[in-house]
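Both complexes shown next keep subunit A, but they swap its partner, so subunit B is in the first and subunit C is in the second.
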Partner chain A sequence: MAVINKMAKAGSVESNDILVMMSPGDGGIDLEIESIVYNQYGDDIKKTILDTLKEENITDVKVIINDKGALDFTIRARVKACIRRGSVQDV
Partner chain B sequence: MYKTLLFMPGNNPGMLVSSDVLGTDAVLIDLEDAVAINEKDAARVLVVEYLKTFKNQTDVFVRINPLDTPFFYDDLDAIIDSEIEGIVLPKASVESMEALDKYLTEKNSDFKIIGLIETSLGLEMAMEILSKSKKVIGVLLGAEDLTLDLGAKRTKESEEIAYARSKIIAISKALQIEAIDTPFTDTDDYEGLKKDSLNAKDLGMTGKALISPRHVDIVNNVFAPSQAEIEYALRVVEGQKEAIQIGLGAFSLDGKMVDAPIIKRALNLLKMSGDYKEEYDELLK
Partner chain C sequence: MYINMVKLDIFLKGCDTIFFSDNLNQNNPFEVEEIKKFLSIFGVEYDFPDITYVIRDNDEIIATGSASGNILKYFFAKCTYSGQGAIGIIYNSLLEYVIEKGYNSYFIFTTPNNKAIFSSLGLNEVYSTNSVILLEGGFYNYSNWIRKVKDYVGVKNGKRGVIVVNCNPMTLGHKYLMNEALKKVDELIIFVVEEDLSIFPFETRYNIVVNEFKGDDRVKIIKGGPYIISRGTFPTYFIKQKDKMLDIYTELDASIFANKIAKDLEIDIRFLGSEPIDVVTLAYNKSLKEILEDKDIEVKIVDRKEEANEPISASYVRKLLKEDKVEDAYKLLPKSTIEFLNSKEGMQIIDKIKTV
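Up next is the complex of A and B:
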């Protein structure tokens, strides 16, 4: 299981990209999303982020998102990159 | 054969998504120069996720980072299972070509390799470097880094790379691989681009790398054979078929003798135009 043990960010606020920021959690997943397409795709963005966190075995993290219209592959990539930057493997 | 090979920055999701609809023959996703050193990890993940999600109709190559960086094997490990055509090896050297060939062979990968020649040592050793792997299908001249290495001033006229172009072309013909010209870096100078592309084509380059999507159409048009050229090449091929049937070594077409070099040129042109047929393999035997 990976543990977020330091603050990290990945991505950007360029068009089609997403800025993902993570810090150690308080016993669960705390997700805050700001998106230019939140009204249309907010639920989908949330699901993609939560699915990716689950896939990467992250259960305790605070995540702040600033989305500029990123497609799913970009969301997944930025979340994964952020996890790698903010975590150490718990062996 | 690739007439146009367009570089796309590996850390730009918007550009990656558009890469398949720009009309280029191949996309070169860049993990090297177009990606800042502190973004190499994120770009690698982005490219892998992009390749997992989209099945490009355009052939995709990935330019990895050079062997003398900490990213060479990380890049390869990340993309080895992706559905791409191959790898662009920057700053190709004997050592890096051997390392790449060894890696791909050990992984049973059928990735192809385009060797990027962009140092003076690389240029002088290009024959040896490009012979180090049977996976090499092309050589790309990188004039920006090369002229930096040479201490030469880079100009639009490109006289400073005349020797490098000719050397790369001669080696590519000897090895029967594609000769890909360096990008034209002024994205707004279309006349200059056309002139530079025509010059490269006339010297023997088979295609050109690009750094701007706006250059695709112009360079495609320059390197694409004209209808008249295709029709002539097909007549040469048909003439040679008949000549073989009646036992002639050479024949006449439009009052000019057609022999092996002309037939070979016609076959190369048909390969470039997409009109080549397997049966033509027999024509030069």
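Up next is the complex of A and C:
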């Protein structure tokens, strides 16, 4: 199981992209979403992120999302990239 | 086609030009001259921040932004290029830097006309005045901070006063100010400035004050956090320089205190030590008094305690320590500071003061 042990970011705030930031959690998933299409797709975005976290076995993380209209697979890719970056073991 | 774009953020202008943000090389006098010239258009002096990004078009800077620690600042774009996302590109590059440095939160210090851009980038406003706006992003924010402080301070019980101190190190002057304040209030909150830019490290400064008031439950000593005289709210405080930015910073810091902190913590009175010497502190006191009184928060300026006709100050104590006049310095210090200076850590700091 991967553990988020440092702050990480993936993506950007360009149009059609999504900025994902993660930091170590307080014993649960704490998700904050801001999106230009929140009214239309907020629930879908939330579900995509939570599903991806579950797939990756992440249960303890703070996530801040700033979405600029990213498509489903972009969101998944950014969340996964952020997990990789945030769960690096310092040697 | 396969350019490495990991470090480069791009955007399209019209449909033909692609812009990149570049890391400005501060060792190159030509580039330094270039950024100085660009910032001078906006009336800003370049003070060699940790990192600066620029976007160029036809070899001319058209937009820039910088970072010092976790403070992002100097966001400017030529007006002919506004609305094309240049500031967003710079922000992305700087964010990369801030996270690489291990910060989990950051501040944006900019002009109010950039407010809409940064709000759309997901940043929250801490406070704005007519001339500046302070925003924050990341995993630490004002509401979390103030909630923790509130929990620690507890339910208000009578008249509540505040003192903000740096205590570099704590002197009998500070002790006198605190004791005078305690005569007038039921509860006293002492904020110790948390920014670690003083010769005595924050933990030391804080612990000395805590020790000095051990057992007195009317006194609550709190870490100042990023919202009270920090590099975010008041950078010139630490460089002790009187320039045109001073008024802007003092107004910002004082306004955050008056409109947010004092309101959330139900503060009735703030105590200040009179300032006979330092121009920065003098300007700050003046601005604080005006802004707080406007919000019906009492401000009491307590005259500095004197010893042999000289006002006691931490800088004077440091001077005595530097000149090896330890006995003279001790006359101006409370017991907790003396105890610390006699410890191994304390000796090391005295040695450090002597070499500076």
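Here is the rule we go by: the second predicted complex is superposed on the first by the 87 of 91 C-alpha atoms of A that agree within 3 Å, B and C clash if a C-alpha of one lies under 4 Å from a C-alpha of the other, contacts with A are read in each partner's own complex, and residues count from 1 in each chain.
Rule of thumb we're sticking to: contacts are C-beta pairs under 8 Å (C-beta built on N, C-alpha and C of every residue); 3 or more make two chains touch, one makes a residue touch a chain.
Here the structure is a predicted model, which means the values were calculated and not measured.
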First (subunit B), second (subunit C), both or neither touched by A:Glu14: both
First (subunit B), second (subunit C), both or neither touched by A:Leu53: neither
Touched partner set for A:Arg78, first subunit B, second subunit C, both or neither: first
Contacts of A:Ala70 with subunit B and subunit C, given as first, second, both or neither: first
Touched partner set for A:Ser23, first subunit B, second subunit C, both or neither: second
Subunit B and subunit C contact sites that coincide on subunit A, given as residue numbers: 14
Residue ranges of subunit C touching subunit A (in the complex, touch as defined): 9, 11, 85, 88, 91-92, 95-96, 99, 102-104, 120-122, 137-139
Subunit B-facing residues of subunit A, complex: 10-11, 14-17, 70-74, 76-78, 80-81, 84-85
Subunit C-facing residues of subunit A, complex: 6-9, 12-14, 19, 21, 23, 34, 36, 62, 64, 66
Subunit A-touching residues of subunit B, taken from the complex the two chains share: 12-14, 17, 41-42, 45-46, 48-50, 52-54
